[in-house]
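In C-alpha cells below, several structures.
Below, subunit A partners subunit B and then partners subunit C, in two separate complexes.
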Partner chain A sequence: MFTRTDDKITSTQASIFLTDAVLGAGILTLPRGVTEIVKTPDVWLSILFGGVVIILVVFIMTKLSQQFVGKTVFQYAKRIVGRIPGGILTSLLVIYFIVICGFEVRVLAEVTMYFLLEGTPIWGILMPFIWVSSYLILGGINSIARVFQIIFPISIFILIIAYILSTRIFDINNLRPVLSNGIMPVFSGLKSTILVYTGCEVVMVLVAHMQHPKQAVRAMITGISIPLTLYFITVVMVIGGMSVDAVQRSTWPTIDLLRSFEIAGLFFERFEFPFLVIWMMQLFCNFTSFFYSSSLGISQIFGLPFRSTVFGLMPVLFLAASIPQRINDVFSLGDYIGYASLGMFVLVPVLLSIVLLIRKKGLKQHV
Partner chain B sequence: MYRGNQIKVGSALLLSACLLSGCWSSKEIEDQAIYTGLALDVGTEDKEKIKQMEQLGSPPMENVLTGTIQIVPQKSFGSRGNASSNQQKPYVNSVQSGNSVFEIMRMYSLIRDRPVIGHHLKVIVLSTDLLKKYAIDQLLDFTLRDNDIRPSCLVFLARGQAAEAMTMNQPADVPSFHIKDMERNRFRNNKIMKGITLTNLNALMNTKQSYILQTIASVKGKDEFYGAGIIKGKTGKWIGNLDSNDVASISWIRGTGQGGLIKTLDERDQIITYEIKSMKSKIIPKVKGDSVSFHVEIKSKGRLIENWDAEQNFSKVPYLKAAEKRFERKLASEIQTILDKMQSRYKVDVSGFGKQLSLSHPQVWKKVKDDWDDVFSRSSVTFTIDLTITDYGSSTG
Partner chain C sequence: MWSKAVNYVPEWKTWVEAGLTLLAPLVMRRLSTTLRTWVGKRSPQEPQASTAPPSDPLTGDFQAEKARLKQQLGRNSDVHFREFELAGSQTPAMLVFVEGMQNEDLICNQVLKMLMQEPLCTEGELDQLSGQHLGSYLQDRLLPLPGIPEVTELLELKRSILSGYTALLIEGLPRAFLVGTPSPRTRAITEPTSEALLRGSRVGFTEMISENTAMLRQQGRTDDMVIESFEVGSRIQRTLAIAYMSEIVNPDLLKEVKDRIAAINMDFLAESGYIEQLIEDNPLSPFQQVQNTERPDRTISALLEGRVAILLEGSPFALLVPVTFTMLIQSPEDYFERWLPGSLLRMLRFLAAFLSLMTPSLYISFISFHPGLLPTELAITIAETRQGVPFPSLIEILILEISIEILREAGIRLPKPIGPAMGIVGGLIIGEAAVQAGIVSPMLVIIVAVTAISSFAIPMYSAGITLRMLRFIAMLFASVLGMLGTILFFLLLCSHMTKLKSFGVPYVTPVSPFRFNDWKDLFIRAPLPLMRHRPNMMKTEDKKRRS
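Now for the complex of A and B:
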C-alpha cells in the first residue's frame, strides 16, 4: 500500500533521516569529549553555540542543494566545478562517509563487547550489522526512511525515559557555577561539540530525494534541531548526575550515568541494558544512512550500478571498522572525523556555493 | 520457479536456525556465583597456609591485602527439604589474599567451582587500617574499571576488620543487603550519611578535596552505622574518625538531614526531645582580600516529641520558646565541637564549605583550592541557629 515507484521521501521522513544520521555514537562519548576540554560545567553552553553554528551550516548545504532539483551533490558538483575537480571533491566526501561508517559500527562493537556480549568476537557483531544494513539499502531510500520512521520514536522514547529516571541522582549544584572561568572555555569546547554533529553532510544527498524540495530548509533544520536538543539534554543530565569530575574519569559517561542508579520495583531495575539495546538500533540507522550515501556516491561519480557498489563496499566497511587497534585509536579516529568534517564543510558546500555564485551572478553563466 | 522458491525457503530456514538458536555469550545464572559484598582488609598472615603453599613449591607470597567476598545464594539446591539440619546462613564468605584486587578476584576461580560475577555487587567495605597504608584511589581502581561492577555500588569504611561487617549473627539476613537497606533509614536519623556510590566517589577522588565516608562498626555480631572516617583529599588516605554526633552535626551544616532528633535537658534536668521535621542551611562565604570567612544560617522546624518533665506543660508559647532556646544551645555546642574537630584537630573541610565557596566565588576558589584544608582551618566560621517548634504531638502535657 505504500509502494512507490518514484523513490522519493516526504519532508517528515527527510527530517527523521537527518536526525538518525547525526544521532549516533556521539551520545555515548560527547559528555567526556567536551568536558575534558572545557573543564567547567559550562559544557551545555558549548553544545548550544555549536548547535547554532551547525544550523547555519545545514542551511547553506540545503540552499545549495535546492539550486539543483533532484540532483545529489555527487551529480551537481561536476556541473559547478567541472568533471574532474567535482569528481575529486565528491570522492573525498565518499571516503569521509566510509570512515564514519567504520567508526560508528566500531564504537557499537566496542560498547557491546564490553557491556552486553562479553565473549562474542568482533566480527560476530560487525558482520550481521553490515549484512542487514546492505539488505535495507538495496530497497532504496524509501525503505530506509520507513525503517527509520519506525525506529526513531522507540529510541527517543527509551532515551527520554532513561533521562527522566536519572533525575533521582541529578544535582543542580553540579552544573554551577556558570561561566566561572569566563566565556573562553566555552569557545574552546566548541571545536569538539561541532564534531558530534558530523554526518550532517547527508543533507546534500537527502534534498535530492525529497518529494517537495521547496520544504527542504524547514525539514532539514527540524532534522538537525532534534539531535541538538537531545545532545543538550544528555550533557545536562550526565553532568548534573555525575559532576564534571566524574565525567572526566569515565570512558562511557552516558552509560555510567545509567549505571549509577538502580530502580527497585520498576520493570527494569537497571536501565543501561534497555538503553544499550535500543541504542544499537539507533546506531544501525546511523550506519545505514552513511552506508547508503557512500554507495550512492560511488555509483553516481563513477557511473557504476548501485547494487554492485553496495556489495563492493561491504568488505571495505568491515576493514574500516577493524583498522583501529586500541580504544584510543577509536577515539582519536572520532576526533579526526570531526576535523575532517570542518574540512569537508569548507571544501564542499562553501567552495561549491562560492563558485556557483561567481558563475551565476558574476559571469552570468547558466549552470 | 517452484524449485527456485524451495531453495530460497530452505536457505532462509537454515539461516534462521543459525541466528535464532541463542545468544553467543549466554551464561547460565545457576553456574555463576553472584557476590553482593566485598570487604578489603590488611593482608593477614595465615602461617598454616603459607607453610602448605611453600611445600607445594609456591614462590614466597606477599599478602598486601585480604579480600572477602560475600556470595549469595550459597547453593540454590541441596538441603532445602531437610528440616532437621541446623539453620544455614543464606550466604558464604570467601577469603583470599594477594597484592592486587583483581588478582584476588581471579584467585577465587582457583578455589571455587563456579566463577564469581560482580553484576550484583551492592556494598564495598574498606578497613581504615588498610586506608592508612594505601590510597582509596588505588584500592577502588579495579571496581571502577570493571564492566560487571556497577558504579551504583555503595562504599563504606569499617571500624576494625572490614570482613566482620560481612558477617552477622542473625541467621536469615545477608549482611551486604542489610547494610544497603540500612542506608535507606536516613529519613529517620541524620546520623546516617547519604550513601556514597562509586560514581560519587570517583568525583570526590578527582577533586582532591577531603571528604568523609560512613563507618560501620560490628557490635556484638551486628552491623551498625557509627560515625564516619575522614579521607584526606591530597593523599586519599584515612586520617581519623568522627563519631555519630559529628555526622549529625555535619548534616546540620550542610542542611542535608531528613530526620533525627535533638535531645537536651530542661531547667529541672529532665529530658526533652525535638524531632526534626525539616532542616535548611545556608553557607555564606565572605571574602575580604586574602581571608575567607563563613557564616552558616541553620533553620529547622520540628516537633516536641518527648518530655520527661511532669511539671512542665509545653502547650503555651513562652514555654515552647524557652525550649527552642535550649535545643538551639545544645545544637550550637554540637556544631562547635565538629568545627573544632575539623579546624584544629584534623585540619580538613568535610562539610561543604569549599564547595559553597567554589559556587559563589569561583575565582577565589581557584587560588585556594590546592591547599583548601589549610585555608579552611585558618578561616573563621560563625553560625546562627533558628529552631521552631511547630507542634507538640497529640499530647498537651
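Now for the complex of A and C:
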C-alpha cells in the first residue's frame, strides 16, 4: 500500500516525544522547588547532577527495552517475571502515569485560573482539555508524534526568545557565590531535581514503537538532553534574574521573571503571554503522552480494546485531577509523584533488568 | 489515616462531572460513527450483470430498418431522417442525425453531394455493386472522409446517433456507416477566472475533455505522459480521464486512484466536484482532500511531482491527488517569479491564512477575557472605542462577520456592472454606519476587514472557504474559554490535520512527518538549481528532477 499502516515512529519523532513527555509543569515549578531545599544559588549544579543521573536511568530503560523488539514494558514485564507479578508491576506503572496525568492537567487548570480565566469553574478547563487530548490519542502514536513535531519547534522558538529577552535583568551576582555552603546542599537538591524528570518512564513504551530500534539509545539520550538543557537554562535565568530569595517567595517563579521586565515597541509589552501559550501546548503534549501510555498499558495488561480504555480513562483522569483540594495539595502531590518516580525506577527497570540478567546469564534461560 | 483519605474523596458533584467527561465524547463518537457510516457509504459498484444486450443486428432490409429506427427514435423531435436515392440507381438511402450536433457543411459537401450528384461509374457497374461491394466502393472511392466507422448492431447505431454521429443506411447493406463525427459547440479558451495570475500562461481548461487532454499534451513533448479514459455514471455516461507520468508516479498511488474511480456509483456526474466528493478519504473533514485547478500548467507540474490528474467531461476543473495543506497555499507564480519574491509572497500567504483563521478569536479572547495581557495603552485605546457598544465581543464580531459573509455571497451573484458598486455600499457604508450607530467598535471593523481580505489571499478558493468556516468555530471556542479555548482549537485542528490523509499522504506532510528535503518548497521557494528532487512525500519512482 502507498500508506503506512504500521504504527511506527521515526527516531526524531521518538526524541521529540520523550522531550515533550518530560518538559511539562516542571518548567514553572522547578526553580522554586529546588531553591527551597538548596537555599543557595548552586541550584544549577543540582540540575546538572540530576540530569546525569537521569541520563543513566534512561540508558538502562532503553537497553532493557531493546531486548524485546517491538514490545512495550507492559508486554515484556510479563515475560521476565511471570504473568501475575509482571501484571502487578506494570499496573503500578499505569497508576503512576494516571496520577501524573491528573497532576499535569490540574496544574494547567490552576495556572489558567490564576492568570487567564479567573472565576471559571475547574471542570470547564479540565473537560475540554481531556476531550481534545483523547481525540488525538484515538489517532494512535503516529498522529501523536506528528502533533508533537508541530508543537515542539514553536515551543523551543518562543522559549529561546523568552530567555534571550530575560538576559536584560540577568545579574551574574545572583548566582554567586558558588558552593558557599559546600557540596551538601547540591546533593540535597538532587532529590527534588529528579522529580522534574518524572515521566521519562515513557521510554519503555516508546522504544517499542520505533521504526529503527537500534537507534533507540541515541534518540532517547537526545530526547532527555533537550529538557535537561532547557531546565538548566531556566534555572540559571530565573535565579540570575530574580535572586534566590525572590524565587523562594514566588509561586510561579518563571512567569514572575517574564513579568518583571517590559519590552517597548512590540505588540506585547511583557513576554508572559506567548510563554503561557506555549507552556499550555507543552502541557497538552505532556498530558497526552501519559494519557496515551496509561491507556496503552491498561489495554495491553488486561487485553482490552485500546479505544475503550481511552474512553474509560477520561472520567478517571478527571477524578484524579479533582482530588487535590487546594493548590498546596497539588504541590505536595507533585512531591509524592517525585518519590514515586524513584520507587518506580527501582521497581520496574532495575528489578526487571536484574531478573532478566539472572535468568539469561545465571540460569541460561531463554526469555 | 483513613479519615484523612476520606477527606479527599471528591463530592458527588465531581462524580457527576466525571460522568459528563465520559458521556460527552461517547455521544460525539456515536454521532460521528453514525454520520460516517451514513455519509461515507462507499458501496462498490455491484459487478455489472455482464449479460450483453441481446444481439440485434441490422438486416439490410431498408424499409424494415427505417421503421424500426423511426419507432425507437421518432419520439425525439430533434432526430432527423433524410431519405434520398443514390445517384445513378434507384437504391434508397437515408441519413439519420441529431440536429445541431454535426457539421452541416461536411454532410452536404462530402456526403450528400457525392452520393446524389456525381455517379462515379456507369449504371451497369453500379448495379453489379451490391452487398459487400457497394459498401467497400463507398468507403474506398466515393466518400472523401478521414474515417468511416461501421455499425452492425441496432442498439449501437441508436447510441451513436444520439451521441451526435450521422448515420448512413443504404438498401441492401446489413450495416450503417457513421459518416459525420459529432462536432459539439465549444467555447473559446479563456483565462482561468478562479486562478488568475499576473505572470504565467493565460490558458484555462474548457468543458471539452478532448480539448483539455490536448492542452496537456501541448504543454510539451513527452512520450511519458499517459492519459487513460474511463466511462463513469450509470444512467448518463461521461468520459473521465486520468493523466500521469508513467515513469514518475508511484504505482500504488495509481492503483488506489483507479480503484476509487472504479468504485464510483452515481447515475450522473455533473461536475468534477462530484468525483472529488466520491473519492475523498474523509467526507466529514472540513478540509478538501483533492485539489482542483483550471490551469493546465499547474496540472502538468503536479504530474511531474508524481501526482495524478483526473479530468471529467463537461468540467473545466481538473482534480489533482494527493494534496497536502501546504500545496493549497502555493501558487504557480511562486515558481515563475524569481525565488526571493516567490518566497516572501508565499510566507505572506501563510501569514494571511493564519490571520484569516485566528484574528477574530484572538480579538475575542483579548477583549473579553484577558485585556490585561495587552500593552496598557493599547488596552485603553480599544476600551475607549468599545465604549457604548451594547454587545459582548462575540455578538459584536458575529454581526459584522456574518454580514460580510452575506456580502461576499451576494457579490458572486450580482450582475457585473453593479457588483463593485454594491461592494462599496455594503462594505464601506454599512461598516461606517454600524460604527456610527454604536453597534460595533471601529477596531472591530479593522479586524473583520483584515480577516476578509486575508481569506482572499489564499490562492485556492475552496481552501479559503474551509478557513472561513473554521474561523467561526474558533470564535466559539474563544468565546467560551478565551485564550485557552483558542489554544485548544489550535490543538484540535492540529490533531485533526495530522490524522487526515489524502490518498495515503498525511495532510501536513513536509512539516510532520518531517521531510527536510521538501522544506525547500514549503515556506520558502528555494532557487530552482537547488530543487533537484521531486517531493519525497509522493514516493515517486524517479526521484531526481535532473539527471
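Methods note: the second predicted complex is superposed on the first by the 364 of 367 C-alpha atoms of A that agree within 3 Å, B and C clash if a C-alpha of one lies under 4 Å from a C-alpha of the other, contacts with A are read in each partner's own complex, and residues count from 1 in each chain.
Everything that follows uses one rule, which is that a residue touches a chain if its C-beta (ideal position, glycine included) is under 8 Å from a C-beta of that chain, and two chains touch if they have at least 3 such contacts.
This one's a predicted model, so the numbers in the text were calculated from it and none came from an experiment.
In the three-chain model built by superposing on subunit A, subunit B clashes with subunit C. When both complexes are overlaid on chain A, the residue A:Met242 reaches subunit B alone and has no touch with subunit C. Counted by residues of subunit A touched, the larger count belongs to C, out of subunit B and subunit C.
By the touch criterion defined above, A:Gly124 lies against subunit B and subunit C together after alignment on the C-alpha atoms of chain A. By the touch criterion defined above, A:Phe261 lies against subunit B but remains apart from subunit C after alignment on the C-alpha atoms of chain A.
By the touch criterion defined above, A:Asn173 lies against subunit B but remains apart from subunit C after alignment on the C-alpha atoms of chain A.
Note on the chain A alignment: of 296-304, 476-484 or 512-520, the part of subunit C that runs into subunit B is 476-484. When both complexes are aligned on chain A by C-alpha atoms, subunit A residues 117, 120, 124, 128, 270 touch subunit B in the first and subunit C in the second.
By the touch rule above, subunit B contacts subunit A in their complex via residues 19, 23-25, 144, 147, 150-152, 197-200, 202-204, 206-207, 355, 358-360, 362-363, 366.
Subunit C meets subunit A in the complex at residues 7-8, 10, 14-15, 17-22, 24-26, 29, 250, 252-253, 256, 369-370, 373-376, 480-485, 487-488, 490-492, 494-496, 498-499, 501, 503-506, 508, 511-514, 539. Across the interface of their complex, subunit C is touched by residues 1-3, 10, 12-13, 112, 116-117, 120, 123-132, 134-136, 139, 143, 146-147, 149-151, 267-270, 272-273, 276-277, 280-281, 284, 311-312, 314-319, 322-325, 329 of subunit A.
Note for the complex: subunit A touches subunit B at residues 114-115, 117-120, 124, 128, 169, 173, 176-177, 180-181, 242-246, 248-250, 256-257, 259-262, 270.
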